[in-house]
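Order as written gives the chain letters A, B, C and D; numbering starts at 1 within each chain.
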Amino acid sequence: MKEQQALGARLASIEGHVKAIRRMIDEGTYCIDVLKQTYAVDRALKRFESELLRGHLETCVPQAFREGRKDEVLKELGDVLELARR
Amino acid sequence: MKEQQALGARLASIEGHVKAIRRMIDEGTYCIDVLKQTYAVDRALKRFESELLRGHLETCVPQAFREGRKDEVLKELGDVLELARR
Amino acid sequence: MKEQQALGARLASIEGHVKAIRRMIDEGTYCIDVLKQTYAVDRALKRFESELLRGHLETCVPQAFREGRKDEVLKELGDVLELARR
Amino acid sequence: MKEQQALGARLASIEGHVKAIRRMIDEGTYCIDVLKQTYAVDRALKRFESELLRGHLETCVPQAFREGRKDEVLKELGDVLELARR
């Protein structure tokens, strides 16, 4: 629950950052300065994904093993990790 | 000008996507389904950055060469590309 | 065992590719042509890593759960995935 | 010329690293330990690419502008950067 709030707060901050970049575009900010901000958003998104994945490994995966859904949860994890590297 | 609008529209769509993911978190959506959406945002951001960079190469870089700011613009480009790969 | 051979064969091919790029550098090949080859090596390495990770999820992870080393194997996986995104 | 030697040396080191990973696979090394090494190779390749690109921006690009091949060299750069992000 507490973790859910922390994840939500991270996303709210990313959303605000994207909104600020949109304003930069509207005001004709120099491309290079815009790019530096979008790279910062990339990194913030990756940190969000890392945390989400870590939470998944700590809670959903062990639970799935206990409930006999081992194959399913591992297949899913393999698929999502392949997607992540693209 | 037209390109600026297209870039702004792309960002507005990314912003809406992030907002939708925030709602998914609030509603306790399964992590794997959230992750797939954040990966889609990653890809949309990369497309935005590619377009921005291509515009920079087509307009700002040639202009800087004409105005004798060659070293500056290339140094800047080198720095930003190093940042991009992180 | 068969999978080990397949992984070894992939790596041998990557090694040959890197050797070929080294020759390109020695012969003063145009940078852009060299870059395209190194990007191909990047992609081949990622495919290798995906396969390795999938094998890990299919064999080592379930075995670790059976042997009561659940926390250890999931902590390890979390760490390695964080490393992967850098 | 000196830079060419430095680039060649970097590649030779990457090649040696890949060979060492191949030996790890042959010896049945634990997947996670193999993965950590391939991630190190990823990072070394990226550093090599950054240096190559920086050299390209410092020498080939200004030369192309001087020789009136501006459009060509910038188009090429845009294409290669799009490739890089995949």
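Quick note on the criterion: contacts are C-beta pairs under 8 Å (C-beta built on N, C-alpha and C of every residue); 3 or more make two chains touch, one makes a residue touch a chain.
Note that the coordinates shown come from a computational prediction; the quantities given were computed from them, not determined experimentally.
K.L.:
Check every other chain and keep only those touching both chain A and chain B; list them.
P.N.:
Common neighbours, chain A/chain B: none found.
K.L.:
What chain is the most remote from chain A, judged by the mean position of CA atoms in each chain?
P.N.:
Measuring from the centre of chain A, the most distant chain centre belongs to D.
K.L.:
Return the distance between the CA-based centres of chain B and chain C, expressed in whole Å.
P.N.:
Each chain's C-alpha centroid was found; their separation is 27 Å.
K.L.:
CA centre of chain B versus CA centre of chain D: separation in Å?
P.N.:
The computed centroid separation for chain B versus chain D comes out at 23 Å.
K.L.:
Considering chain A alone, which of its residues make contact with at least two other chains?
P.N.:
46, 49, 53, 77, 84, 86
K.L.:
Assign the assembly's chain-to-chain touch graph to one of these shapes: line, ring, star, complete, other.
P.N.:
Looks like a ring, each chain touching just two neighbours.
K.L.:
Which of the residues in chain C end up touching chain D in this complex?
P.N.:
Going by the criterion above, the answer is residues 4, 7-8, 11-12, 14-15, 18-19, 21-22, 25-26, 28, 30-32, 34-36, 38-39, 41-43, 45-46, 48-49, 52-53, 55-56, 60, 76-77, 80, 83-84, 86.
K.L.:
Could you please specify the touching residues of chain B with respect to chain D in the complex?
P.N.:
That would be residues 46, 49-50, 53-54, 57-58, 61-62, 65, 70, 74, 77-78, 81-82, 84-85 of chain B.
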